[in-house]
Each structure stands twice: as C-alpha cells, then as structure tokens.
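First chain written, first letter: the chains are A, B, C, D and E, and each begins at residue 1.
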Amino acid sequence: AQDQVLKMATTTSTDNTGLLDYLAPFFKADTNIELQWVAVGTGKALELGKNCDVDVLLVHAPDSEIEYVKAGYGVDRKQLMFNDFVIIGPKKNPAGIGGSSVAEALKVIESKKAKFASRGDNSGTHKKELILWENSGIEIPDKEAWYIQTGQGMINTINIAAERDAYTMTDRGTFIKYEANWKGDPPLDILVEGDAMLRNQYSVLAVNPKRCENVKYDLATKFSDWMTSAKAQKLVGDFKLLEKQLFIPNASE
Amino acid sequence: MGYISEGFISALHLLSSGNVETYSAVFTTLKASSLSMSGSLLIGIPLGFLLGYFEFPAKRHARAVVDTLLALPTVVVGLLVYAFISRRGPLGDFGLLFTVPGIAVAQMVLVIPIVISLTATAIEGLDRRLRLNLLTLGARGKQIALTSLSEARYAVLAAAVTAYGRAISEVGISMMIGGNIKWHTRTITTAIALETGKGQFAMGIALGLVLIFLAFAVNWALSVLKRKTD
Amino acid sequence: MGYISEGFISALHLLSSGNVETYSAVFTTLKASSLSMSGSLLIGIPLGFLLGYFEFPAKRHARAVVDTLLALPTVVVGLLVYAFISRRGPLGDFGLLFTVPGIAVAQMVLVIPIVISLTATAIEGLDRRLRLNLLTLGARGKQIALTSLSEARYAVLAAAVTAYGRAISEVGISMMIGGNIKWHTRTITTAIALETGKGQFAMGIALGLVLIFLAFAVNWALSVLKRKTD
Amino acid sequence: MNKKDCIYRLYDIRQAYGGRDVLDIPEICIEKGKSIGLSGPNGSGKSTMLRIMAFLETPLSGEVYFNEKKVNGDEPALRNQVTLLLQEPFLLKRTVFDNVAYGLKIRGISENLKDRVNHALRSVGLYPEEFAHRRWYELSGGEAQRVCLASRLVLRPKVLMLDEPTASVDRRSAVMMKEAIASIRQSYETTLFIASHDLIWLNQVTDIVFRMYEGRIVGSGTENVISGPWHPDKDGLWARELGDGQKIIVTQPEKDTSVAILDPTSIIISLEKPAEISAQNILQGKILQMNMSSDPEKVELHIQVARFSFTCIITRFAAEELNALPGLDIWVIFKATSVSWQ
Amino acid sequence: MNKKDCIYRLYDIRQAYGGRDVLDIPEICIEKGKSIGLSGPNGSGKSTMLRIMAFLETPLSGEVYFNEKKVNGDEPALRNQVTLLLQEPFLLKRTVFDNVAYGLKIRGISENLKDRVNHALRSVGLYPEEFAHRRWYELSGGEAQRVCLASRLVLRPKVLMLDEPTASVDRRSAVMMKEAIASIRQSYETTLFIASHDLIWLNQVTDIVFRMYEGRIVGSGTENVISGPWHPDKDGLWARELGDGQKIIVTQPEKDTSVAILDPTSIIISLEKPAEISAQNILQGKILQMNMSSDPEKVELHIQVARFSFTCIITRFAAEELNALPGLDIWVIFKATSVSWQ
C-alpha cells in the first residue's frame, strides 16, 4: 500500500532540537504513516491549521490553544510534554540577578534599566515572557530603550542579547544548543531557573474535520494516540541533546 | 570569523561525502529553479519584447509598474500565492501548497517582472536601424521578435542570469509555500535558514557555498555557450 | 484570499492613520536603502564600466564570477557580514552590528554584483562605433566612461532600478545584521516577516503594500526623469 | 496621368516630423517595371518618400495605392513584395551568408538557398568563398554596403528600392551593381526606385530621375533647380545673387522662396561674351565635367558659375563647334522667361 | 624620402585581421601641411591605414613616428592633435549642438563655444538656427554626415583625417566642404588625409592621391591599376582577359596575381583602329566622362573598355583634334612594356 502522509505544523523548537527527526521513523515503523512537518512560529502554525493546510498541530501556547479549540478550529487537544524556560544573562551579570524567583529578577532588571532582549514575535516563548512581566506586576516596557524587541527566533535573540550584554528568556533546549555552539563556554549563563512559572507545555491538536473536509483526521488521531502512548512518551523522555534531557513527558497528567 | 573557514571545510565535506540531506536539498533547489525559470522565460521574454518594442500611450506607466514589481519582497509573494493556493483559497484544489511546483509558481511571480523589465531594456537598447531593416526584409510578428531577441542576446541572457540568481537565492517563498519539509520541499536556502535559526552558522555558510557552487556551474556553462554564439 | 482584501484595507489605514510603528519602519527602510544604493552605485557602476568596456584575458571568468554573486542568498550575505562586524569579528570596533549603516553595508554586498553585471551588459551593448568616435574626438579615461554611461543611460538606469528592488525587498540581511529591533532597525520587510511569523497574514500583506507603494513612488519619479533626458 | 498599370499611385501624400513638413506629393503614378531615380539635396525628402512607399512609415495624410489597391492595414503582407535598401548600411549580428539568406529564410524558401545567396554575393562583386563565412564586423565599409544590397537582390522583389546604394562603393563595384540591377529588371520585371547623389550613375540605371527639393518633386531629368531667395530687380524682373557679383534674373516668382526650374536644353553656351542679345542672363563659368547624355546625339556639360553648378545639354555638333573641353571658360546664356516655377 | 618636416613617418607597417593581411606599408613620409588623398577599391585598406595613423588601432608590426617622435604609449595625448571622421557616421545621443561641442568641451574649451560650433555648422552648410537644437535622430543621412564633419572641423586639429566624407552628401555641400577644408588648411596649416571614391572631388582637395590596392600603396595620382589573374600568352607575354574577348597584354609579371600600374599619360587614343602599330594593346572602348586635370593644359578621360574603366590624360590640343566627346567610340592603345609592377 502507498505510504500515507500526515502533514503537521509545529513550532521551531521541536524541529530545531531534532526531536521530530528522532520520533518520525518510530512513528512510521508503527503506523506506516509518513510524518511531514512545517516548522514555523506558533501563531503561524495555528493560522495554517485555520486554513486547513495541515492535518495536525504540535504547539506550545496553552492559552491560545484553548481559545483555538473554543473557536472550533481545532479538536482533541492533548498535552504531551513540557520543558522549561530559563533567564540568561551576561557572565558579569551587571544587574546582579539570580536565584529562582522570576518576579524578583524582572523587577531588578526593570529598576536598573538593564538591557533585556525580547523575541517580540508572538511566539509561544514571547507570549510566556509577556505573562511573566504581567505576573511580576510590571507593565510591558514596549518603548523603553533597554527593552530590545528583536522580532526574531530564539537563537538570533540570544545572539543579539550576547552582542548587547542583555538578559533574555529562552527555552532550555535552545540554550543547550547555544552552549554547544560555543563549545561549552558561551558569553551568557543561566541565571534564573526552576520557577514553577517557567514551565513550557507542548500539546497536540487535530485540525477540526468539520471545518476542513480535506484533512486526514483519522491519521491525525493516530498520531496523537501514538504520541500519548507509553512507548512514545518513553521515547520523548529518552531523547537527549548533547547528553542532556530536554523534554519531560506528561501526557498522563 | 571562525565559522567562515569552518563553513568552507564543511562545504567540501558535504559535497564529497555525498551527504544525502544536502543532495536532497540540491535536487529540490534545482527542480524548483528549473521549473520556475522555464516558466518565467517563456512568459517574461515575450512580454518584455512587447513592452520594449512597441510604443503605446501607457508605456511609461506600464514600465513603472513592472519596475515596481521588482521590489516585491519574497515574503509578500509567498503570502499572496499562499492566499490563492491554500486549501481555502480559490486554487486550493490543485494541492500546490507544500510542493515543489507550488514553489516554482510563486518564484515565477517573483522573477517574471525581472525578466520583463530587463528584456524590455535590452530590446529598447537595440540599434534603431534594426527595426526598419527587419520590416523591409519582410519579417513579421514572431520573426521580428525572434530576430530582435537574438540581436540582443547578451542582454537577454543577462536578464535570465539575474532572474536565475534571484530565484535560486530566495528563501521567503520556499519557506512559505514549500514549508521546508525535509526530503520533500527543503531547498538549499530554507536549509540555510533552518541551520542559521539553530545557530549553526558554519553549516549555514557551508550550504551557502554549495549554492554558490551550483550557481557558478550554471554561469560558467552559460559563458561557454555565450562564447560559442559570439 | 480574505487576507488580500483585509490587507488592502489595513494598508490604507496604516498609512492614513499615521501609525507610528509603520512610519518608523518606513523611515528605517528608506534610510538603509538610500545608503546602500548610493554606495552600490558609486562602486558598482565604475566597476561595471571597466568589466564591460575593456577586453582582458580573464574577462569571461570575471563575468561568470560576478554573475554567480547574483545568486548570493541574503542569509549567507548576512552571515558573512555578521562574521566581520560582530564584536568578535575583525571590524567589531566600528559597532555596525544592529545599526542601519550596518544593514546598508551588507545590502551593498548583495547589490553591487547586480549593478556591476547589468552595467557591464549595458556597456557591452553600446554601438561599436561609439568607442572609436570618442577616442578620435580626444576623450580619455573618465570622459570615455562618463559619455559611454550617458549613452547607455537607460540600461544603466535599469540596473539601478533592479538593484533598488533587490535592496528594498530583501529581508535576510536586515534581520541578521539589523536585528529587527523595534523602533531602531525594524524595516518594512523584517516587520512583514515578523507579522507573518505571528500568523498575522493580513498585516503582512498590508506592510507589503506599503513597501510596494514606496517602490512605485520611486519608479514613477524615475520614469518622469527618464522622459526628461529623452 | 495614365491610370492603367500603375504599380504605385500616391495622392496628396504629406509627411511632417516634429512639426516640420518634409514631404508633399500631390499626385503621382509609377508604371510597373519602370526604374525611377530620385535626386536632390540632403534633406529634400528622398529617404522619407522611399520609406513611405516601402510601407515602413505611414504618411500624415494622403493615400497610397499599390497595384491599384488602396494600402490600408495590409502593409505587412505587401512588405514581402517590396524591399528597401536603407541609406545607412546595417547587418544582423551573424555571418555574411546568414545575412543574405535571412529574407529567404523568413519567406520559407530553402530550395537552392546556397546557390541563390552565392549568386547574389557574386552579383555585387563579393566572392562567396572569401566572404560568405565572414562575420558582420569583418568587412570594410563598402563591402558591408554591398552585402546589404545582396540581401535585397536575393529576394527578387516586385519592387526594389535603393537609398544611396553607391555611397562608399568603389567604381568597379558600381559598374557591377549597374549590371545586377539591369539583370534583375530583365528577369523579374522589377520596378526600381533609386535615390542617389551620383547623377551619372543614376542616369545609367533609371528611366527617369525625379528631382526633389524641400519635400516636393520639382522636376525630372537633369533640370537645374534654382532656389531663392529672390528679390525684385529692375524692369519688374527678379534676381538671385550668386555671391560673386553675378546674378540670375527671372520673371516674377510666386514667393521670394519659390524654386525656379531651368531646362538644361534651354541654355546656350558661348565662348565670347555676346554683345547685343535679348537674353537677360549672361553668366561667366567654367566647364567642370562632360558626360554622356541619355540622347546619344547630345552631351551633358556641368558648368560651375560661382558656387553654383549648372547642367546643360547641347548637341554633339555644338560641342564640337565650341571645342568644349573640361576647364574651358565659357558663357552661360538663358532668358529670364525660360524658367518655370515649382 | 626627405626626413625633415615629416609629420608622419611609417616604417614597415603591417596589419592583419583574423589572419588576413590587410595592410603593408614599407616606408612613407608625410610632410606637414600636405593634403593626402587615398583611393582604391573597397577593402583595399584605406580605413585601416587611417585608423592606424589616428592611433585608434595598433598595427601588428612596424613603427609610426609622429612629429619625428616614435609613437609608443603616448597615443592618448596625441589623439588631441589628430582627429578622424570615421566612415560610418555616428552621433552621440544628444542635440546637434552638443555633438559638435563635445570635442571642445572635453578639451576644456568654453570660450566662444557657441560661436565656434555655429561657425563649424555653417561651414558644412547647416544653418545653426535650423539644426543646432535638433536631436541626433532628427536628421537626414547627408545632414548627419555633415554634423559629424562639423564636430571634427570645430576642433581645428593638427591632422584631420576624413574617411569618405562626401558619401551621401549632396553636390552643393560637397563644394562647401571643399571650401571648408581649404579654409582650415590655410588658417591652421592642418595636415589632411582624405579617403574617397569620388576621385574628381578628391583631386580638387588634395595635393597627391595615393592609390591603394590590397593593403599596399600601388601608385599615386590617377594611375590605372590592373589586377590579375595573368596568364601566359604568346611570345613570352602575359595577358588578362577582359571578359568580352579583348585582353590586356603585358610583359611577364612576378606572380600571376601581381598588380600592373599603367600611367594615364602613356595611353594613346585613336578614332580608327590603327593598322600597323607596334603596341600590343589596341582595345575598343567608349568615352564615358571628361574631366579637368590638375594640369590646366590637359584633360582627363574616363574610357570604358569591357567592364574596365581606364583613365587617360591627353592634352587639350589632342582632345580638340579628336573631337573627343562623351559617348564617342575610340581605341585605347598602349605598349605591353608601359606597365610597371607593384
């Protein structure tokens, strides 16, 4: 029989870390379905789903996802795994932040007008950052000179932070890659980690087959079933980038 | 600086070791650019001839419009074409999204204005005596067009080379319409964007060198051809 | 399809309401492209003249190299220039990274090959009699160059227009070198990329229209100028 | 004019460039198979007239009939029967052979292509073995001109128009061109139009030569054309200064810029200045050149008077009587009334 | 040759294009202020020689001395003193005025610019009021040619070279050009080189005319140039067929392609076919044209024999005796030994 093809839109982090390259062959072996994915920002991934151009979504912006399902664009949202965000900054740490409280760190940054690089691209990471400012009781410093809105992907934003001696927030996976690019001696270090607010939840959604007649809902279901299966969850837990675990499976939560 | 030299070494390695991912991207790039170039030249050269050869009242304005289209950013072309070929767009049924022919169609939108504008300039630059001579020798319609283009062959070739450079090096369209799907629609440029996005600058440079190598092969072949028709 | 009409309306709105973010991006775009175009024409036209006018043994190869550079992807140019002007690069002390002049420098790398290649083609397309006539009238060096360029003025203008289209529409360089920093180095194209990445396709189209509008204004002005020199 | 067998009839043709009138032909009929010459000073409209008759240019007003059919939108088809050798030679960027073969190829003629091309080259004095493979720029000025002519001759057109075909062509080639033209006329009944400043050559290849002046046909043959400005002289006559103190006296013109036509046969030549004579014009000049005339019983003299060159035709007998020879100082005599006005 | 006051001295100049030899000048000296004509068939190397002397082209071998200094890398500076009107007219894409002013402007001459340009235009018969503002394409062929000439005259160069200046120029303008050339010679002691097929005009504006043939200077003045192929005839003499059964008989040439030179004064004209005469060549021909000769006591006849045109110079007295007139059938007589070889 001919290979069946499932089209997925996903965020760049799952692709950039190599997780999907690692999972796809197992999925194929188990179900005979070929997974093809488009790695874009979460916002764009959701838009592609809206236009029925993909069958399934793998994204990490829980609030938007819930709204998306409510609006009838997506169905069967299931959570899969999470990793965490960290706040990084120059080795010299000019503002002197540290520890595990995000709110404290952000307040110090704001009061000292220390440079902070924001992705400013409506990505899952950016949305998370905005929530962190809000939860820390700080207005989004849109027009402040020290608040650098890059409108770019994570790696580029980290690079800009490094060039500008700025702090920034990143997912751990990207930071591990960044560290590796610098052969373990990057100009930026992790300064804040471990806060419960820093959890980064990934979920899978099928595109609503009632809106989009062409989508392969059956394949999408097979994919989300497989991803939440014990086998796949173990694979996710075993996935390592540069010897470090990146994602913690939590489909059962 | 380090990653430039690193990139050089990686590029040699990628090509010599027959890296399958690289070769897949090379073939996708070649497929998309050959398709889009054939289409663009077939459509753009005749239109460019018409724009350059004939005098008509709105000529100046037509020219300004075509020249403006040279400034179409690839992302915008990507978006526009996406709006048409997305499932919910008017041409959704052809299933062009995330395919190589889809990339080619969108690249044609990008590249046809270049071919038209530079072909028109080439034709306008021809000796004024050519037109009268062709007419009085009895040439008509297509014959005039073909002979004029052959008289302006170097400038038309330059139009094609410029268009080719634009098509092969663009990334926005391949990204948006192709989707950068590994083994299927990943071109060299989207692969570069991916590697750069990952912070793998040396790999980005390496792939860039592969692309340049490809372009050089094409241009060198053309320059040999050009000498033959001299 | 909806995006397109929505984008149209947004574009009008952005321009008429004096949206500050849009105008900031427009000015950054104009600043970067004016800088890079002046530089590119100043460097590219003389080099293009030399390449087109003189016969030398390696001419064919020089030409193939320049034509190959037309296929430089913007990301690769961005990476290369980044390697030089990053703080750890050899030119790091000038502090060009994430500045508009930095964007302009990198755009020049992208655009100079276009200017050289098309100017050379323009010069090669000139009447063979021109060269001898200028020599026998006593013209030398710069005078020959200036008169030849003025004889080929339309084709040289076409080179400039093509280069301008490329510079104003590129995104990879502005992204990489400019950093797309809001209020500072965000150009229209990086803003489009950002909006598109967010899934705000209508906004992307709207900004694209703003860019096209800008390009049209420039080309229309040129076409008026062209008629004057006719 | 005779209406039958006119291959061309022009009515009221006018042309203007940038607001300047450059052509004005009220009515003319050209018979099939004739060979027509056009002469006249630079800018008198010869090339313009040829371009219009070759359907390369549409006149501002007026009608062109070709083979008794009004030309109206069917120029492209007619251009297959009419070909014009333009004044400025121009070759396609290909070999000499391909240049000459071009017209045949676009007509779809492939039979005997090589023979026809070689024959055409030979007829303009170029050996095919030596020239056929040359590229367009590997030719001297006169050689290029002759390749252009060959590319027209090879077409065996119904109407062949040549604009200055002998400019920069050597004397022997001019003789060959004359023969080639005669041969194509004889074989294919080609109608010919030839514009040239080489009047002697032109007379040899044409049946009649139209003299053009400021866009008009002011006469035919070897008439002397005397342009103004005219100004009133004594006795109600008008005069035109010749610059050396001498002047031409004529009857009253319409305008002071009118053009006077003087028949070459109405001029009398004398070795002495005649004492008592009624003719108003007695001008001193020198014989520059003597040529054969179309009438074998006559000869044609070119006489320089001041900067002006008069053509006059006298009988062989008169020439012998005068012992006319180039360099001879003589007197040119004609009546004020012998000019006609254009 | 005299070494003093040579503005040009050429030694052993050779040029070849694509392997074909096109010029071969062993040694020549041109005196300052002379006016030199070049004539010869198409492709004989006239334009090539002019281009080399105008420093536009470097010969394959040989040396050019200009003002007794060897030309070697200083061509750009010398080009300010030497200007060549190229054979094919070409104008810059600007107005007539700007075209004529161009050379002055690049020399930095702005004084009296307008007067000088207008004067140059007038000297070639173009009224500045009518033509100065016209654009390059708003001209007839002859007008464009004359604008090109004006753009050279205006420079008042030390050396003025003109390649076919009268091609497609009307008769009256040719007379004006003659005067303009005379005036520039007189005022600025300009040395002139003029290539032309219009031999009569050329004789009037030059001191000496070099005849060129296949890249060589084969003679000067009005010599008849008879090219081969020669083949052996009876009595150890050689012959060249003329195509109509007649042939030219000469003494043995070096090669069968050698070129014979026949002095026009060594030809005898007769009305009857002479019965007993030692001369080997007795050819039947017809007088085509009679012209003034540079010697006022002589006249120049152009006689057609088969396709060949002989120039012969006879005294006025002889011409009167013969009653020579254009159209007259005569016999051309010369000895086999009167040719010299090139």
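Keep in mind that, in the parts below, contacts are C-beta pairs under 8 Å (C-beta built on N, C-alpha and C of every residue); 3 or more make two chains touch, one makes a residue touch a chain.
Predicted model, so just to flag it, every value in this text is computed and none were measured.
Taken together, chain A and chain D share the touching chains B.
With contact taken as defined at the outset, chain B and chain C are each touched by A. The greatest number of inter-chain C-beta pairs in contact is found between B-C. The distance from the centre of chain C to the centre of chain E, each centre being the mean of the chain's C-alpha atoms, comes to 54 Å.
Here the spacing of chain A and chain B, counted between their Cα centres, is 35 Å. Averaged C-alpha coordinates give centres for chain D and chain E that are 24 Å from one another.
Annotation for chain A: residues touching 2 or more other chains are 156. Residues of chain B in contact with two or more other chains: 88-89, 127, 196, 201. Residues of chain E in contact with two or more other chains: 88.
Contacts between chains, counted with the stated touch criterion, involve the pairs A-B, A-C, B-C, B-D, C-E, D-E.
Contacts from chain C toward chain E in the complex involve residues 127, 129-130, 132-133, 135-141, 143, 147, 150-151. Note for the complex: chain D touches chain E at residues 17-18, 40-43, 47, 87-89, 138-143, 146, 163-164, 167-173, 175-176, 179, 197, 199-200, 287-293, 296, 299-300, 307, 309, 316, 319-320, 323-327. Residues 51, 54-56, 76, 79-80, 82-86, 88, 90, 92-93, 102-103, 106-107, 151-152, 155 of chain E are the ones that touch chain C when the two sit in their complex. In the complex of the two chains, the chain B residues touching chain A come out as 86-89, 97-98, 179-182, 184, 194, 196-201.
By the touch criterion given at the top, residues 1-4, 60-61, 63-65, 67-76, 79-80, 82-84, 88-90, 114, 117-118, 121-122, 124-125, 127, 152, 154-155, 158, 161-162, 164-166, 168-172, 176, 188-189, 192-193, 196, 201, 204-205, 208, 211-212, 214-216, 219-220, 222-223, 226-227 of chain C touch chain B in their complex.
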